[in-house]
Amino acid sequence: MKKIINDPDQVVAESLQGFAAAHADLVRVEYGPDIIVRADAPVAGKVALVSGGGSGHEPLHGGYVGAGMLDAAVPGAVFTSPTPDAVLAATQAVNAGAGVLHIVKNYTGDVLNFETAAELAAAEDIEVRSVVIDDDVAVKDSTWTAGRRGVGGTVLLEKIAGAAAARGDDLASVTAIAERVIGQVRSMGMALTPCTVPHSGEPSFTLGENEMEIGIGIHGEPGRERVPLQPADQIVQTLLSAVVEDLPFRSGDRTLLFVNGMGGTPQMELYLAYGVARRLLAEQGIEVSRSLVGNYITSLEMQGFSITLLKLDDELEQLWDAPVHTAALRWGV
Amino acid sequence: MACTAADVVAAIRRAAAVIEQENVRLTDLDRAIGDGDHGANLNRGFKAVLAKLDETDPDTPAAALKLVATTLIFTVGGASGPLYGTAFLRAATAVGDAAELDAAAVRAALTAARDGVMSRGKAQPGDKTMVDALVPAAEAAEGDSPAAVVHAAATAAEQGAEATRPLVARKGRASYLGERSADHLDPGAVSTSLVLRALAG
Amino acid sequence: MKKIINDPDQVVAESLQGFAAAHADLVRVEYGPDIIVRADAPVAGKVALVSGGGSGHEPLHGGYVGAGMLDAAVPGAVFTSPTPDAVLAATQAVNAGAGVLHIVKNYTGDVLNFETAAELAAAEDIEVRSVVIDDDVAVKDSTWTAGRRGVGGTVLLEKIAGAAAARGDDLASVTAIAERVIGQVRSMGMALTPCTVPHSGEPSFTLGENEMEIGIGIHGEPGRERVPLQPADQIVQTLLSAVVEDLPFRSGDRTLLFVNGMGGTPQMELYLAYGVARRLLAEQGIEVSRSLVGNYITSLEMQGFSITLLKLDDELEQLWDAPVHTAALRWGV
Amino acid sequence: MACTAADVVAAIRRAAAVIEQENVRLTDLDRAIGDGDHGANLNRGFKAVLAKLDETDPDTPAAALKLVATTLIFTVGGASGPLYGTAFLRAATAVGDAAELDAAAVRAALTAARDGVMSRGKAQPGDKTMVDALVPAAEAAEGDSPAAVVHAAATAAEQGAEATRPLVARKGRASYLGERSADHLDPGAVSTSLVLRALAG
């Protein structure tokens, strides 16, 4: 295992120390339980947003704590959802009386731990609502299964719900906006290489020199199928058509196109993939009015990318454009 | 020969030792169809349990089980944390404040644990989860002594864990693999059988 | 070779198409010769900044084209400096009569090709000044050698010189500011893995599972020495002390600390390294008043990082803080 | 038997063919102590030269050499582009507008090329660059026919290129490796000897 680390058990804590030092103007970090909180939290009168999950997806979620986005992030161990006490601590730290929205990615562990935390918070008379994002079309959905994973759409959800809270929406309205985003966003990803969890030291899977995984998540899980390497045109076609057909996105729709790197993919390749996606969408008459390209929700050093498409309307577009000031997303301020 | 708080604590210490021993194997199993952390997660939790047991000395079986439950819930994370936590919490509630557990109480505890995990995780038998170890364990939990009951449960759990191999997962991370989840053991079912065997002593 | 590409010979062009589509509000891209130009260029009355070099270092330089930074970037083939006609075309496209500053990284190819371009521009009565950045302390300097490479300091140079031009400085003053940055910035990098140039298909070097390269540049070159893998604490110590001793930086100095990823390094590790560097600098009484952490000047998918330290004064700090709006750096707007 | 524009064009086509043939090897050499693109760079350039030669038909040796120079300068990039370009440009200037080149003219061209590369790149013999092929080539450029002169130069260039192996680079990317640049051939010196050998025919 090749990593710039000291002790595998201390990776998350040591990384948080660096993050706290680099962004002292934006956040304060508390340890044991570990939480990343807006420097000026709690923000009077504002609905507070809390998200979290296993670490290893940086900049998600800590990189999105700040004005116009999250009030707190709860980083678990690498790829392991945080414990209820940590989620509770974050919820208490940001609660300003206007209620707290938990943004939960749909993984059994995240859902169960946030559930427990919400119960504990309720016991302290903190009003908590939860939304569960499950935008990964690679996973077949059904009430008999764990359902779909929360992946790329999470970043867009946190930005847009954060903007709604920042403009003063109450808890019910922020929750409604969040649900609207969840209803209109779809994603799918692929990997050229696995990743290695520090405390395990072993690659999450092994791939031949000419193989790739289609339909991966963000935890180094193998994907739904392993296929021979293909040109970018075909890979993008595969991911994008699955995304487009699922909602479905239709000719005339206005969208936000998000091409996300899994952590180890050069920007050159991400923009190349973005260009291919734009061409294919144009052919289908689907308009792209907003874009995001880069490493925003990752899987350690994995090479690969995901495509996320969000159907926009005027309000969602305005909320996307609204000022945001976090370590990883910043504009308008 | 009933089972005292001290017996329960000793059993828990055995379980912690086994998880320490087997955590790499459990993580390997999880890497195949999950995200490669199950062993690390449980080991983190049971180490914390041992630490707790060094400070406090539970005076009833229920207190010991409750200590395990809360410690796992607050240190493990992941899916297995809340589920293992619920199992021990329900078991604690089931045995009430009795100073000693007889065979019937132990059987009741295992049944409550199974019901708790199933209601919390919504998994059915055959979904390729720890439920596939807990359900047969609870059913087989018969015997004229607490030890005998847990032994029977552990044996059934081991068979149940083994039987997860051909299954296609419908719950947990393994479900994301669809068909590809077959031909692998479910890590949580295996850890459940390991814990039960250790508790049996 | 595992890459999300189609034809290795088309990688740069196809990636540029995606970049142009994603950032049409900021830039316009011209092809044959390929140049990336500020959408509103030439900006009346403003000194124009042009930089460029081989591709494969994204977001450098194209990601820094926009208000408050570069007016144009000239992307060559991967790791190959661009030709004089391309540099000339960019110079012509952005020249507003106030003169053009060429920001050149110190590589023989870049220097020679920009030299020729400057001559050609002069022949068209465009006033061109050039600065050459050579901040890499891994390379021993001497008049008998090619000298030091331009690496991480380039990003800081482009931001600060761009801010000077934006505030209305004339060509001589912008050049002077640029020279001041070059005089006060030092860098050094390391790699855990090599990278693979698309049209070559072979890794730039091979490293054992327990080896790393110390003193690498940004072109997949092997470094000055190959050593056994070390904990992050030691690696950062090695890089940082070389950087600090070279200028030298002294107790009481105020600095900008830039921890840069080589393209394939997870953010978690970059922040961990940043935290270690902060601790070591604090021990030496060196103040860090500004920071940058992330993938800003890369070497394709290489895993590794570099540390850059810039000595600040009030003016440089103000210029760093000044608004910038590019694809890769944005604040204050 | 002097050397006409047509002869020069034919020689250039031979050089282009050799670079096409050897470009992978040159890139491999550059990967060892540089950035792995020398062969690709030159091949891109000489392909463009061939394309140009298909359109236009230079009427003097100088015109042919100038066409090569400008094409390389505007298509190769890197360090070798301007340096190769300068070499051909100076050679063109040296031979003036003569319709045919004699042995003396060819020798003058080679000398001018060497001086151009050295003044532009500031490299001295022993710095482990193409200069280590060009310097011996220009010195050895003697003979009673243009072909004989280039043959002699090519042979000397080959020896010069081979002699770069033990050297520690002081110019070009290889210089960043310090001591580690020793025990490798300099790609530019090798390509220079290949081109000269091809020109000799």
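As written, the chains take the letters A, B, C and D, and residue 1 is the first residue of each chain.
Assume a contact is a pair of C-beta atoms (placed from the backbone, for glycine too) under 8 Å apart; a residue touches a chain by one contact, two chains touch by 3 or more.
Because the structure is a prediction, the values reported are computed rather than measured.
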item	value
Contact-graph separation of chain B and chain D, given in steps at minimum	3
Intercentroid distance (Cα basis), chain C paired with chain A, Å	29
Chain centre separation in whole Å, for chain D relative to chain C (CA means)	31
Between chain D and chain A, distance of the C-alpha-averaged centres to the nearest whole Å	54
Numbers and ranges of chain A residues touching at least 2 other chains	none
Numbers and ranges of chain D residues touching at least 2 other chains	none
Pairs of chains in contact (touch as defined earlier), listed by label	A-B, A-C, C-D
Of chain D, residues touching chain C in the complex	27-28, 31, 34-37, 40-41, 44, 73-83, 120-121, 170-173, 175-178, 180
In the complex, chain A residues that touch chain B	54, 76-85, 107-109, 112-113, 115-116, 138-140, 144-146, 149, 197, 199-200, 202, 204-205, 217, 219-222, 224-225
Chain A to chain C touching residues, read off their complex	2-6, 11-12, 14-19, 21-23, 55-56, 58-59, 63, 192-193, 209, 212, 229, 231-233, 235, 263-276, 278, 288, 291, 293, 295, 298, 300-301, 303-305, 330-333
